[in-house]
Amino acid sequence: MVRRPVVKKEYSLGERVYLVEIAKGLGLTWKHFVFNVKASFRKGPHTVPTCWQYPEDRREIAPIFRGAHMLQLNDKGQELCVGCGMCARACPAKCITVKRGKPAKGEEDKYAGKTMCVSFEIDILRCIFCGLCEKSCPKNALVLGQDYELADYEPEHCIYDKDRLIANFHRARSEGLLKPPPVPIPVEAPPAKKKIAQKGDEKKGSSGKASVKGGKKSASNRKGEA
Amino acid sequence: MADWQIDLIKVVFIWTWALLIAVVMTWVERRASAMMQDRVGPNRAGPFGLLQPLADGIKLFTKEDIIPKRARKILFILGPPLFAIPAFSTYAVVPFGDKIVIGGKEIILQVSDVNIGFLYILALSAIAVYGMVIGGWASNSKYSILGGLRATAQLISYEIPMGLALLTIVLLYGTFSLREIVLQQQGTFLGVLPNWGFFKQPLGFIIFLVAAYAEANRVPFDLPECESELVTGYHTEYGSMRLGLYLFGEYVNLGTLAAVTVSLFFGGWGLPYIDMSKFLGPISYGIASFLVFFVKQAFFLFLFVWVRWTVPRFRYDQLMGLGWKALIPLGLINLFITALLVQLTV
Amino acid sequence: MNLKERVKDILGDDLLVMAEFRGDLCIEVPSKRLTQVLARLKEEGGFDFLSDIIGIDNIDLYVKKAKKGKKEADEKEDVVDIGPPPPRFEVIYLLLSLSTNERLQVKVSVPEDNLELPSITSIWRAANWPEREVYDMFGIRFKGHPNLRRLLMWDEFQDHPLRKDYPLEGKGEERHLDYDVA
Amino acid sequence: MTKKFETICITTGPTEYSDYVTLNIGPIHPAMHGTLRVITKTDGETIISAKPEIGYLHRGVEKLGENLTYTQFLPITDRLNYCSAICNNVAYEMAVEKLLGIEAPPKAQLIRMIMMELARIADHQVCVGILGVDLGALTPFFYLILQREEIYEIFEWHHGARLTNSMGAIGGVEADLPDRFHEKWPKLRDSIRKANDETDKLLTHNRIWMDRTIGVNAFCGDDALDWGFTGPMLRACGVRRDLRKDEPYLMYDKVDFDVPVGKHGDVFDRYMVRMLEMEESIKIIDQAYELYKDFPEDAPLMKKVPKIIKPPEGQIYHAIESPNGELGFFIKSDGSDKPYRIKIRPPCFMVYQAFEDLVKGEMISDLIACLSSINVIAGELDR
């Protein structure tokens, strides 16, 4: 049998008769009621504090939000992606497939690097929007944008190919919603005694650029632009 | 116009009124609760979302009508109407206004002034429980039957305090007719207070109100449908318009209970301190008395909503405890004292 | 007296191996004496709280070692002895002392041909579900457990998914529910 | 191997006569948070036995962990306790850091602390709100959830996601506290307190609420320890145990806070412990923020870790105090870039196994109240 501590219910008189506390509660809800009724007659889309009237009235999305992917171009309109496949390797959901190739003759100036991605597919249905692809990208080509309305009727439409990813970028640029450039994060110098030393070649990758996330500074920059 | 024609008009009017109240109440419930909870509530259908109940009605009507395979078919179909009809019928004895004089003919604003209006109300509210129990039983689902059982026990237990509270009113006014009671509540007593049942019987009013909440299955007494425990209780298995009838019947019921409360404890159509019939014409007086009644009823309807979104719900045994251990003794004491006072003063 | 000495004192001969890594002390005890050891640790050592029970499949460690050994052997053109395979499974009991806030990992080995351990639900009731989970995931039976059913997988499931030879994406098992659709 | 164990199934049709009703609550039921299932036997409304069945949300997180690298597993931890994903992230990061033998820079530790306490507030708000909803009081839930939205906004501006945070990385955090936090926190602190006050006003002294919670599935402290309870559930039983105090990690030893403790372990005490803990969390954030201000803007946020993390062979267990209790990660490494074995010790797993003991002899309504007050999160229960 289960042992249960004996609980003595000690109620004050006000608690005992129900009505006092219920009346207090009624007063509280009434206060909210009056406040919100007044608020709902105010002009403007977002008057009642909690609710965003979604399609018309949108929340401000953080510039570092992890939404739909896009493939960035540089200022000259060149594709930044070199098709290295780091993102595909970093992806925990295995939703990225990249094919690397060399640009065709005469098209070299369309690409920023010497190589390019022939095809680039992201299965949005598998994606968990963790942002690891973005962090692993050495050229800052693949970023997660601010678009969060990704629903579609056809599963095939949810596999984003290269064209769609670049189109995402163009749209974001026209709306002024580009991701701020990554800010290097201050990294503490390793102590002299390093236990994790493994092989020499792995140490190379661990410089400050590993991060892509915009910090405090970039966030304020973004706001200034908008 | 013949009497039966007048009666028919009155019946149609009161039905439309009851329906309208139920329809508007579904909207008020949603919007008011939203406002109390810092939300917005439905505001897309029509201005301020006023057409939302209509949209809900269309949705419920056009939904597929499902009867579970192992349900008792006839009883399953019978349940919702059995619940909704008594709620409508109670309106028959509610005096929703004083009288209106049209073409020299004096029309009483009440469908029928039966001299046992009281018993009629009690009897009909007792019938409503059949709708829940039958619905719960016929669904052949454990949640439904638990809801039905809870409904039976709750409604039967709370009829007693309700009856006791009503009895004090009967003792006070010496009549079973609701119209008579309302008429006797006009004027003032002790010089200051309106001659209302509420001021003469505050304890009786509280007992009646609590019992009314229990009869209407509202939070804090919504155990029969208790969303988080019994899914939705007795109407778990219902869908489409059958469910709609249950939901609708609940709001009609609220309207009835609010109307009864107003008639018994708040002077019905009368305004305190002011005799409207003195400075209003015969037709406008009839309309004004109805409006006064409606405003009072609306307040109690709002109170139902207001309380629902403020308090948590009881547990089954606590509910029974409250009914049997607190309300019934209180009601008996109240009845005894009232009887004594009435005996002494008469 | 520090933790190591205390544990040594309490267990005596039952202590097979003691290893420390990053401040976490792990001891190995014979599986036959498990209940006695744990009871003694609880009574005398003050380890009165069972945090968790963890099952581990060691087969891949050995496979890796064997591969490495083979590579070495190929390089040296010599036979490299990598030793006999260790018992396939091990179960780790995570104990915690509430008074001193010390944690202790108690390890027992479970060979593949005798997948049985004594249940410790009589010492800590907390061992109930963790033991069921270890049974579910590794197939190690706990003798004396009050209700040794599968915990996370369904009852008709045949394999033990956390064993290293179970594929990551499963074998295509489906759960068929025999609903009575009369 | 193929021995069939007793299977529980829903029987229809004639069965043996019994005085008791078998009521199958869940996995699809409005009060079963996520996908839980309890098979109860009731005598009228009184519960004779209640057998929880779990595994409906089992996704094989531990198996996944063995096949993903250390970095890749971080987003998976979001999906354990999705009400306070940051605590899972930090717990995992700290476990791997322990395995690597490093420690995050002090500024990063403070940021982690602040974010974790915010997550704890959010988690407790959801728990208390849901407890109210399950007991029929819907309104406090909305007052609380509004504040949670504000907290989520801070999360979003810090690391780009609201619910599945994936905050930081192994070795530290990747972003400084966002501007949003600096702007919002003083206001948010007051509004959180206000929402808590309102909840308190609506519930705590209400007789209906007191009747529903005081003395309902009360539990003894030593029983609770025997069952492996941790966190608010254990503290409600009167045992003062909080890993933040007992085994201080990050910088919890540098801040001053109380550990609220209940008495009887009933639903009311659990509710009160959670309410008071929110206040303590606010205090911790304030102090941590003061400490944080001492650091220069370019103080290091990350330890230098290799891009491919290959810890040495060995096994560690590291636990933190998550909102529900002790959340531990056991990681065994074989020296490769993937963990050899990851075992997660979810706090509500241990509590939920005692569910039958908790609710036996109580009523169906109490079962619902108990379940909400435990705050079982199916994601971390089933993994």
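For reference, chains read A, B, C and D in written order, and residue numbers begin at 1 within each chain.
One rule holds for everything that comes next: a contact is a pair of C-beta atoms (placed from the backbone, for glycine too) under 8 Å apart; a residue touches a chain by one contact, two chains touch by 3 or more.
Remember, predicted model here, so these are calculated numbers, not experimental data.
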Pair joined by the larger number of C-beta contacts - B-D, A-D: A-D
Intercentroid distance (Cα basis), chain D paired with chain B, Å: 44
Where chain A and chain C are represented by their mean Cα positions, the distance between them in whole Å: 39
Centroid distance [mean C-alpha coordinates] between chain C and chain B, Å: 65
Distance from chain D to chain A - Cα centre to Cα centre, in angstrom: 23
Chain B: positions in contact with at least two other chains: 36-39, 309-311
Numbers and ranges of chain D residues touching at least 2 other chains: 12, 101, 139, 142-143, 146, 202, 206, 208, 211
Touching two or more other chains - residue numbers and ranges from chain A: 22, 25, 28-29, 32, 49-50
Graph class of chain-chain contacts, one of line, ring, star, complete, other: other
Every chain pair in contact, whichever chains are involved: A-B, A-D, B-D, C-D
Residue ranges of chain D touching chain A (in the complex, touch as defined): 68, 71-76, 78, 100-102, 105, 139, 142-143, 146, 149, 156-157, 159-161, 164, 166, 169, 172, 174-180, 198, 201-202, 205-208, 210-211, 214-215, 217-220, 223, 263-266, 297-312, 357, 360-361
Chain A partner contacts - residues on chain B that touch it in the complex: 32, 34-40, 43, 206, 306-307, 309-311
Sites on chain B touched by chain D in the complex: 33, 36-39, 70, 142-143, 146, 219-220, 222, 226-231, 309-318
Of chain D, residues touching chain B in the complex: 12, 21, 23-24, 29-31, 45, 132-139, 141-143, 146, 202-203, 206, 208-209, 211-212, 363-366, 368
Complex contacts: residues of chain A adjacent to chain B: 19, 22, 25-26, 28-30, 32-33, 36-37, 40, 48-51, 53
